[in-house]
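There are two complexes below, and they share chain A, which is joined by chain B in the first and by chain C in the second.
Moving on, here comes the complex of A and B:
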């Protein structure tokens, strides 16, 4: 059975929508994240929000949730600020509340306002839960995506592999790097591993510690580790910190590293004296 | 001074946001890329100490200026403070290679070398405050 409040809201729907539009104008999209969006998109979003709230009045909770869920997906996808929507819902409460107090006597009003609170709380809870749930999902997907591009091991020549490191290295990534490194060395029967830190924004003692440990482990499985891509400012901070990389062969660029690795595996890249004539090119 | 920010270090991501803020502020003040790297590395070390050894702490970043011989000099002040267990023997932690966590033990002496001024205050059982400054030359 539908409550009196809801019936009341359905009956006065147009009136409330109009009033709400006036007052939530200033609330919705006041944050900078929202105001940079084009006006017509803001307007469209407002209209959709109005319909999410008012068109669902007649629905049961299950189908209402589905509508709210779609709306929350859109909020996340387009980067809206959910608190603005919740604030404007609270504004709606004030409007309806005021109207109810004009229409009913005090005793009835207390009952009705309770009902209104219940309905509104349900809306807010649904919206925030769906929003949070969606956020969690996005986060989980991003985590997986990040993990996938985290630490690839690339075989460049026979017995030589490269591991380019990109981005911040935290404890979790460090252990994954180690794992990929050792597995990859065994799999590719590598003798030399080049760790390229061009993409690492900063090397502090922890990052250095992880790299040193990784290279020790590499040595244990019978390969050698070369550290390449040390930018000048990183080199200076490493010296300032007093980190001893004396046991490391280091090269400034990946190119020099590959050359050194070829030397270590007793190979050389040679340029052919003359292009091979004949064949297809008469 | 208007340029002031405070970052709470409660988890590993706090370290990242602290050094991000540090990099931005030092760039704004006008430090070159090498000094930017030094400052961010120092912040990273200090923040990591907070993360490793205490429950919660904060990093305060501030733009400062001082009158030197050759006129006004700008700089960045980094204050790392926590209410952790404190440091029993301050002399030990400033020795290269001293560590209680199995790390490299280069953190605090390293920070001292990376920055221009370094001051550490610690009361066992109450907490630690480390103040460092880098001047723009």
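Moving on, here comes the complex of A and C:
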């Protein structure tokens, strides 16, 4: 069962394609992401787009969707911008509408335009759905990667571990940090944990709150927390915001932190008078 | 249900291996204080390795036990608090500020030894 509109479009296919192509010039591939592609690739894509859209006219709903899906996958893979294709489809709508209004009387036109809308909306929906789905997938993958990167724990000495934090800390990440921290302490039998915030761009009350909470939890499982890597501007913010880190041992650099941690575990770094032969430092 | 309290030299060792309900906790509080009095112990290690959950009441009892024990001259170290338990306690706003902690029984005993001067 094919509607009159689609039949009409198939009959006048060549005419519409011609008109549509003319309006392509100004519309399709005006974004910089697309214009950096070689001209012949842009031309190929235009042709393919035209043929995909007009091929779907004769297909049923199911295979139509499959074709659009495959086309969308190609677009995503090659890095095209979806909005340009949507805009082109809207332009096609305008062309066909105008033509329909010339051919049919008003009442008929209202019916027909409804059908046209349905068909075009379907294409647009399929195209955007495919793009949205792809974005979701990419986002999920990135989230996993981010999670893996967000709170690493590095054992540096016996009983001493370091957690370098880089980037903004939000609530979700804070709980991730807390978990990794506590599990790592148990796993490495650590007594001192150094939290390095050199890479944290901003320490506000929220971040400070998370760090304080983490250090209290660390104390409960039986280790101690040192906060290192306090940059001058961070020290200023902390004091200006009135955050109380009084119960905290803080050091300006990781190096000083490690020295303090060694002291807390009753150890020291000594320089040998004579070169060590065989084996390294103890 | 009573929690066994073991004596080791000048110290008392308690390994909590049952689910702590209110009654057990209160009973334990009483038993421990009696034992400290009886033995004249200087240090107590309470090991919580096998405890997966602590509610606010139990947390309060533990805090109280520590304070009461130190009034009686015995230092208390809590050991083996699991990460999940630690997070719950912090979430409830219980930080057991005054209580000494250690990673496990071994480090707990070491800690007591240090504090009591060998």
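Quick notes
To be clear about the criterion, the second predicted complex is superposed on the first by the 212 of 282 C-alpha atoms of A that agree within 3 Å, B and C clash if a C-alpha of one lies under 4 Å from a C-alpha of the other, contacts with A are read in each partner's own complex, and residues count from 1 in each chain.
The rule is simple: a contact is a pair of C-beta atoms (placed from the backbone, for glycine too) under 8 Å apart; a residue touches a chain by one contact, two chains touch by 3 or more.
It should be emphasised that the depicted structure is a prediction, and the values quoted were computed from it without experimental measurement.
After overlaying the two complexes on the shared chain, residue contacts for A:217 are found with chain C alone; chain B is out of touch.
In the superposed model, A:178 lies in contact with chain C only, and not with chain B.
Look at A:249: by the touch rule set out above, it reaches neither chain B nor chain C. When both complexes are overlaid on chain A, the residue A:150 reaches neither chain B nor chain C. Those residues of chain B that touch chain A in the shared complex are 12, 16, 19, 33-34, 36-38, 40-41, 44-45, 48, 96, 103-107, 109-110, 113-114. Against chain C, in their complex, chain A makes its touches with residues 178-179, 182-183, 185-186, 189-191, 213, 216-223. Against chain B, the residues of chain A that register as touching in their complex are 168, 170-171, 201-206, 208-209, 212, 232-234, 236-237, 240-243.
In the complex of the two chains, the chain C residues touching chain A come out as 78-83, 85-87, 89-90, 95-96, 101-104, 107-108.
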